[in-house]
């Protein structure tokens, strides 16, 4: 259950600022599907607008990284932060962008390994090597 | 400062299990440089051996993901976990594997964006869309 | 589902230490409603007593901060820690203490922004400015 | 030490996009002081611009929450995320905005309490009360 | 709901690598019960094999720590990381290994206390005492 | 560097509430050494008093868990939360209470393993087995 109302399409249609964002999500992503994070953020139009603007700027534009790589980075952060919804939505997006089973397995292996070595390094308070200095 | 002694090369040479791991790190990575995480783990030979075995298995083998992509995933997890040493070591490794300034900027943009949307989704407790079901 | 039994009122009535805490919660908060965290902690009477004593000391006394501000700080921590129950209970408490939609939107904006800048600062390992020294 | 160069004023002056952001930070905050997070982000002009735009939009505008309350929420998130630089910069900002010792003590008490109850709730996996439903 | 298929016994029987791990789990633990984490990992045989090898090496062998103490350490980490499934599985395992109600209460008290003092120390950025140096 | 002043013994002697806590720390622990967390908390006497009261209640009393086990649980939480000072102070305390190198190695192995499996379980969103229900 959410802490706020999840907006239906009818409710979004009746609210100009929300409708404008939903329309742009659909046009940008070329799909009629608007997932629940936007339907929850609709309760706070200013946060809805700025969040969508950031997502569009970061994920939908041309960039130095492949769209799938960006989605996998998003998955890695979401897993590390323990965000259930985010893990689901970005795993689904990565699959939609072509993530293979073998790539998913490698991502899991790296994320699992990083969690271990992060913990060991923190436990031992390893000093940064001078060689890593910029 | 570390919670344990950081082993010198001379100390590692005198301890067969540690020497064997250090030798393999050097041979695998084709460099004489052994960074501090291994010099700290040398105090616990069993953990040193199993950790190196995992790193070698995950990072050094052929895989479905590009070595640079794996290093960038490692960076994303290390940033999310707030591990200072790990951020330094994996940023340096990513650069050594060819990460460009433009790719670094994109990684930062994705990691920063994911942190925000993770927080908002958690704040609103957004329910998982049935469309994401496997 | 919980890892422990959620105590009913009848069970609490039959256990003097638990009953004493539940009675004090009701008297302090001027409501008959005892939420599930206390019904779960009832399995460990010493932890129940010390936790309620701390909550009462921190949240229910006169202080330099407005009760609503304290509740919003509680929300911010609970969101950052990813605690589902805590997000729900403290969002509900903040609303009961008068949090408006506009204040909620501002809290979300700050929490989301802080998550991003925290991540970027950690990624870049920004050194603390001498100007911030006490 | 940072993972990137910390830009001097002279370096910023020579780079139009960076100079524009630094000028706006100084004008908005009515101070010549530009703290290190911006000098680190200067290496990635697009992230510098979007981050400053967000900070300006969230922190510097009129809002439903007092500027000091927003700064204290920022502190609470930064503490929970374990971001050293952020704890320093936002504690300094809160003091500059008038945070008293008594308010600081109350903030610490709430943040410490929330950390405990978050942990206990997670340990016991307390189910959300139906009364909290929207 | 999971992001992957949860394998049934029949499906595991038909896949030699998965079957081998499931057989070893049953033989090592002397029970027919294979819990869901292994049924989820079955989708990635290499990660399944390496994860089980690590769990077996760390948890099932003779060691300097009592099996119950190791399980309680596992609980403490899982609680701190906010991993719902892990809290459930390791609390159940600790009980199966003899954790008493009094021990559980003490664990909760320590974990709750550590969460508070960790938060306060981070808030105040307490410098490490020279006496703690190795 | 800290966000607050680290109190000297002379300063503590001159402040009755702080002096009372410092005296009790010394008497309880049978040592003249008062570590920095208390010297930082001295700036907030109410938080100093309540924090010391909790530490004393949880760590110094008779309990169902061995003092060393409690210290190791404290280490596990501090590592998971990434608290540098706390890792140092509780590792030092565990050693002072007799933690052997072999026990330390086992703790590191468990904490590292738990970090990995926590991450994998979160990545896969493994559903809780009905067998774990209370």
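Before moving on, here are some points about what is shown:
Every chain is named by a letter (A, B, C, D, E and F) in the order it is written, and numbering of its residues begins at 1.
Simple rule for what comes next: contacts are C-beta pairs under 8 Å (C-beta built on N, C-alpha and C of every residue); 3 or more make two chains touch, one makes a residue touch a chain.
Just so it is clear, the structure is predicted and the values come from calculations on it, not from any experiment.
Relative to the C-alpha centre of chain F, the farthest chain centre belongs to A. With centres computed as the average of Cα coordinates, no chain lies farther from chain B than C. Averaging Cα coordinates per chain places chain C and chain E 27 Å apart. Centroid to centroid, with C-alpha atoms defining each point, chain B and chain C lie 35 Å apart. Work out the mean CA point of chain A and of chain D, and you get 21 Å between them. Multi-chain contact residues of chain B, defined as those touching 2 or more other chains: 1-4, 47, 50-51, 54, 57, 77, 79-84, 87-88, 91, 105, 108-109, 111-120, 122-125, 128.
Viewed as a network of touching protein chains, the structure reduces to a complete graph with every chain in contact with every other. If you check the complex, the residues on chain A that touch chain F are 75, 79-80, 82, 84, 87-88, 91, 108, 111-120, 122-125. Chain contact summary for the complex, chain F toward chain B: residues 82, 87-88, 91, 101, 104-105, 108-109, 112, 119. Contacts from chain B toward chain A in the complex involve residues 1-4, 6, 33, 35-37, 40-41, 47, 51, 54-55, 57-59, 63-65, 69-70, 72-74, 76-81, 83-86, 88-89, 91-92, 100, 102-103, 105-107, 109-111, 113-118, 120-129, 131-132.
Across the interface of their complex, chain A is touched by residues 1, 3, 43-44, 46-47, 50-51, 77, 81-83 of chain E. On the chain A side of its complex with chain D, the touching residues are 1-5, 50, 54, 57, 128, 133-134.
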